[in-house]
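All remarks here apply to the structure that follows.
All chains are identified by letter, namely A, B, C, D and E, in their written order; residue positions are counted from 1 within each chain.
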Amino acid sequence: MQIYLFSRQGEVPQRLDSVEALPEEGFVWLDFTRHEAQSWPKRVEQLAGFKVHEDHVADSYNGDHPSVFEGTEDYDMLIFQGLVPEDCESHKDLIVTKSAAFFLFDRLLVSVHAEDSASFSLVKRKFCETKLRFPSTPFGLVHVLLDTMVDRSLPVVNELEARLEHLQDMLLDPKNPFEDWHELLSQRKQAHALELLCEQNRISLDTWAREMRVELTDAQRVRLNDLREHLQRLQRHADSIQKDIEVTMQLHFSSVAHRTNKIVQTLTVLSAIFFPLTLVTGIYGMNFEHMPELHWHYGYYAVLAVLVLVGGGLMLWFKRRGYF
Amino acid sequence: MQIYLFSRQGEVPQRLDSVEALPEEGFVWLDFTRHEAQSWPKRVEQLAGFKVHEDHVADSYNGDHPSVFEGTEDYDMLIFQGLVPEDCESHKDLIVTKSAAFFLFDRLLVSVHAEDSASFSLVKRKFCETKLRFPSTPFGLVHVLLDTMVDRSLPVVNELEARLEHLQDMLLDPKNPFEDWHELLSQRKQAHALELLCEQNRISLDTWAREMRVELTDAQRVRLNDLREHLQRLQRHADSIQKDIEVTMQLHFSSVAHRTNKIVQTLTVLSAIFFPLTLVTGIYGMNFEHMPELHWHYGYYAVLAVLVLVGGGLMLWFKRRGYF
Amino acid sequence: MQIYLFSRQGEVPQRLDSVEALPEEGFVWLDFTRHEAQSWPKRVEQLAGFKVHEDHVADSYNGDHPSVFEGTEDYDMLIFQGLVPEDCESHKDLIVTKSAAFFLFDRLLVSVHAEDSASFSLVKRKFCETKLRFPSTPFGLVHVLLDTMVDRSLPVVNELEARLEHLQDMLLDPKNPFEDWHELLSQRKQAHALELLCEQNRISLDTWAREMRVELTDAQRVRLNDLREHLQRLQRHADSIQKDIEVTMQLHFSSVAHRTNKIVQTLTVLSAIFFPLTLVTGIYGMNFEHMPELHWHYGYYAVLAVLVLVGGGLMLWFKRRGYF
Amino acid sequence: MQIYLFSRQGEVPQRLDSVEALPEEGFVWLDFTRHEAQSWPKRVEQLAGFKVHEDHVADSYNGDHPSVFEGTEDYDMLIFQGLVPEDCESHKDLIVTKSAAFFLFDRLLVSVHAEDSASFSLVKRKFCETKLRFPSTPFGLVHVLLDTMVDRSLPVVNELEARLEHLQDMLLDPKNPFEDWHELLSQRKQAHALELLCEQNRISLDTWAREMRVELTDAQRVRLNDLREHLQRLQRHADSIQKDIEVTMQLHFSSVAHRTNKIVQTLTVLSAIFFPLTLVTGIYGMNFEHMPELHWHYGYYAVLAVLVLVGGGLMLWFKRRGYF
Amino acid sequence: MQIYLFSRQGEVPQRLDSVEALPEEGFVWLDFTRHEAQSWPKRVEQLAGFKVHEDHVADSYNGDHPSVFEGTEDYDMLIFQGLVPEDCESHKDLIVTKSAAFFLFDRLLVSVHAEDSASFSLVKRKFCETKLRFPSTPFGLVHVLLDTMVDRSLPVVNELEARLEHLQDMLLDPKNPFEDWHELLSQRKQAHALELLCEQNRISLDTWAREMRVELTDAQRVRLNDLREHLQRLQRHADSIQKDIEVTMQLHFSSVAHRTNKIVQTLTVLSAIFFPLTLVTGIYGMNFEHMPELHWHYGYYAVLAVLVLVGGGLMLWFKRRGYF
């Protein structure tokens, strides 16, 4: 658990080792990793006197919990799902999600997140480097954290799109016998998962904006809208990817049907040319005693000429009708 | 029929043999199996003085009734559909549903359910083992029962998903000639039935939350929301399963078309190589008197060489163009 | 035209030959078949003093009019579409609809329906057999009539489902060359028509419930809800049937593609085995003077051995690779 | 421009040559064809003192403008799209639309329509033949005109449906090699255009009913609802036509795949029978010196017997397995 | 940066080199290209005393920002996406979008747009030529600019439609082996992008109309509605294009399947005719000592007759059954 004290004036937040009571002004941030979060509701009760609902506590321990907002008289709970974009190249599944739970009290923010949450580390590192305007309300801090989580999904979407463009090129390449159906299936599943994730995150933010316990200032509302907009753009992206896969599948399918058509045409033309020629040689290969043509002096040459004429004629005729 | 008395203080519920009047505090639970439920409205009228509407009584006897909530002046009726997950492996159809009907009066809860409802037995067993916080209102008891019903659907969904993953692997296996169309059809039907079940359960809970006769406390509302959330997750699962089946079907279809394409290609290449060779042997098998080549000393070897050159040349040419 | 007088106390309704004025209590039911309905608005004006809108009168004469509710100051008009389930087996089209029009005044109910409407006959027969609780308001009587109409659709849906299951089995039977496309098309159309019918009936009932001129009692509302629920279940049924047809079509299609694939494979394997064998016999059928093998004593047996070895070898190789 | 004066008492409307001022009672109808409509806003300003918005004037000149309603303080503008059903048989495109614009002032109606609008001529002809109840408000006159426009779409829809039924029969005929893809594409486009037209007309009427400047009487509202209902029925029709085309396409496609399957099967069976027979004749056509069978007295008959037995046996076997 | 002063009386706007304070009446337009826009918020603060929110400033610098409206206490922000229709023929991607950001203060309009925005140049050119009614409010000026942007999308849509019609003709041409799958994919993507662009622009305008800081006059509202209508028409167009591509794809696919079917039929007929003929010549090519037919005087002619009869008979039979 890490404890930070944020002053009302937006000064550099202080890291504390322990905290006994809530400050008069500003707020305290209790940041738990899911691993060490077992006793967090007790701590909160000791510190602030509020009881957290049991089901909410259980939800905060669930790393796969979908995004959700729920308001109570004493606090607002927001669960938000982030992507884990590290090691894009090594992993097959890009869309690995991890939930973070936020509990916003009047002068207290509690967060519970995965041990290796890069977004939380990143925000804290920025605190040290004093790069960030320091938030003076729990809302402000949650906004910074969510913003970081959403921004970190962008490279994932780009990687997803790049992979799909590659699959698309392979699907529409007439030379390439595409075989990677499992990969294609998995890509589509991931794009759908991303769409669902964005949609649920957005719905949770909408509910939060509507039912939040505090009144937002104009500036805070602008920042929240910006966040929702970014999620909306991600969702639209994920939706487009799915549509594109679908259409590419159909185009691929059409192009395979086309190629089969042309191959069967070639086979038919081959048969139409060679079947009659072979029949002619079969006729003069029969062993009848009385076959006058066999005794003609130029019979053989005549048959050769017939073969060439028939074969060449058929070939020309098919070529003219565009059969190959 | 089983009778339980729940005190206001959340003490261990008492099992009674008969009940003459409703208690001043707490409430009475009349639990009927559908088999023995014929006379339940009479009993309720004797005990509490309320008449239950005829159509509601008829609905409570219908084990396949879809989820629904309906409120009247005297009581709330909630019908909820559960899954029957026993013996997953032996049965073909996973999604077998059974309805339970709940009638919530002021200090009386009536439930009508299938004889073999495992959820009701489970809850009662937990009462004996004093594991459960005992509910002090009809709402609380219904919540515990619904929660148990929903939790018991999870293994069914997992089994359904496992079966579908197996079907998916079979569909995309290029070696395997998939034939289990009836099974695939049945799986899709079951996923759709599950989606409908969740959706209707959820809609009934939403109506209940909106039109309930009693005012819920903050804590009760949190617990109800949690239940709705679990149903929503199940529904999303069922929806994903259906989408996946659809996409896999299309991929499977594409891969079959691919294979047909390649086989026809092979056939065409075989014909293109052997048709000319066979024609050559046909020509020198003719019985003309004057065929000078037949008398050449190396004629036979020359023809063999031509056969090898033409056949090998065509084979090389096709191999280079990637035809096989 | 038939005239019935319903008393306020729910006594047995009296059939009258003619009626001069509306009763002080209870209500009068004027029941017209569409055939004899030409002068009904005049009669109503004489009896009750209300003018019915021209467009409404025209709608009541239209036996194919879709379900609709419209309220005016003086009366409510409800048009409801029923199914005609007689002679299921003899007819091809199951979903034949006939509209009934209801005009609800304060103490007068007018109905206009098809001559052969079985639902109206059935309700009247029940009156004679005093099986029914007799309604004491126009609403109550309309409810009984609608309930009978909806109940009579159930066998139609069951027959429709049975037929489709039969089509489904035929479509997925690998032996059976399915040809009944017209039948399939008609079944899907009928399921869609049924869905539309239920949806529109339900929408009309919803509008009626919302905009009705009289205030309903709790018990009346319960009965109306039950009716809407039954329609909803029918609609869900019809929707499932359509989805199932769609999916079965796709599965059927996939299974045909599979079979084509396997047949082409067989053809290719046959060619791959017989083309080389035939070439060999073609070679030793040539008439060259100098073909040493022809003079070998065991040449013929050697060639036979080669044929058996090559043919058998190829067959084994293809069998091992699972080609047939 | 044609000018008509409608009295409040619903008397026969008078045709005027010119009009200087609006009447005290009743209303004036200024009817412009689009050709002569250039100066209509000026005329209206002179006559009634109202300025019409520039964008509205521009919309009234646009014969392809989609349906729309817009209300201002001084007047209501309604643009409505009609079909042009003349010469169904000669034209390829059935769904040719032409817009009419209506401007409803307090005692003035302005209409702008295509020169050859049959609906407007028809209504005027009915005026002369005193067949029509004469409207006494601008609303009444607009209703009569819209009703005529909608009624005249019915034959178009019937013709469209007839054409599609014909296409459907051709698509599902196993004998007929369907080639009319352009026609099919055009039919679907027209059904979609019709659906859009109805939907937009309906939306415009809904907006008009909601935002109209005058209060409608009960009877007027009934008539407006009837109009909306007719449009809804047309729309449902157009939607069904589109669905049917889609499903027929899929069925057609399945039936083609079926036929290909059977043809390939025939080809495979032919090869399976003739390949071995031809090989046998090839073997006994070889020229080896030592081929004992060639010298057997009944060798030839034995081989003929073998050919008949093998060929007939294979044929029987395939017939029994249902291959042809 | 360009500065214009608009008077309240709608006089010709004055171009200023610099501006120190906002005018008492009328308004000032600060027009920035994105390139030079770095310091615009500072300038606005100096001139009018308002602080622009940071996220809004960032959005104004983003040339790909989707359409959005956001209102604050001090100003309205509207981001609108336009198409870049220049050089239609040279570029492959028609739908290139560029955002313009508008900030509407009380007597100040700030716009930020792409350097080469033709719409902005066009509007300014019209100012010089005094062709335009000069707007007297920021709303009026924004409307003129948006109207110009929307009008300039029309040629893009027409070009898109022309290209698609060409693709459609190629897809349905039975002669043409269509190969341009990448082009088709790109066209569909562009139509979808256009639909999204219109939808978002329309949603932004709707939000603006609803939440605008100023009250619009009747005439202003008419103009805004006209703009929304034009966008709606564009969107409907883009939607139709997508539907058409989809249907054409299916038709194309069906027609390819048809052709494959006919080709395979031809191949099967060829085999059915030539296989038996070749077998006959094979039989009389065998070298048995005792083959009586070989010694018949007219044996050869008899076999020739048999070949002609069998071949011709089969051909006739197939022709009659419509196989080719």
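Everything that follows uses one rule, which is that a contact is a pair of C-beta atoms (placed from the backbone, for glycine too) under 8 Å apart; a residue touches a chain by one contact, two chains touch by 3 or more.
Just so we're on the same page, UniProt names per chain: A, B, C, D, E = Magnesium transporter CorA.
Every value quoted in this text rests on a predicted model; they were computed, and no experiment measured them.
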item	value
Copies chain C and chain B - interface residue numbers shared by over half, same or different	different
Approximate Å spacing (C-alpha centroids) for the pair chain A, chain B	25
Interchain centroid distance [CA atoms averaged], chain A/chain D, Å	40
Junction residues of chain A, two or more chains touched	252-253, 257, 260, 264, 267, 271, 278, 282, 285-287, 291
Chain order around the ring, beginning at chain A and proceeding next to chain B	A, B, C, D, E
Touch list for chain B against partner chain A, complex	168, 172, 174, 218-219, 222-223, 225-226, 229, 232-233, 236, 240, 243-244, 247-248, 250-255, 257-258, 260-262, 264-265, 267-268, 271-272, 275-276, 278-279, 282-283, 285-291, 322
In the complex, chain D residues that touch chain E	53, 55-56, 59, 66, 68, 70, 72-73, 175, 177-179, 181-182, 184-185, 188-189, 192, 196, 249, 252-253, 256-257, 259-260, 263-264, 266-267, 270-271, 274, 277-278, 281-282, 284-287, 291, 293-300, 303-304, 307
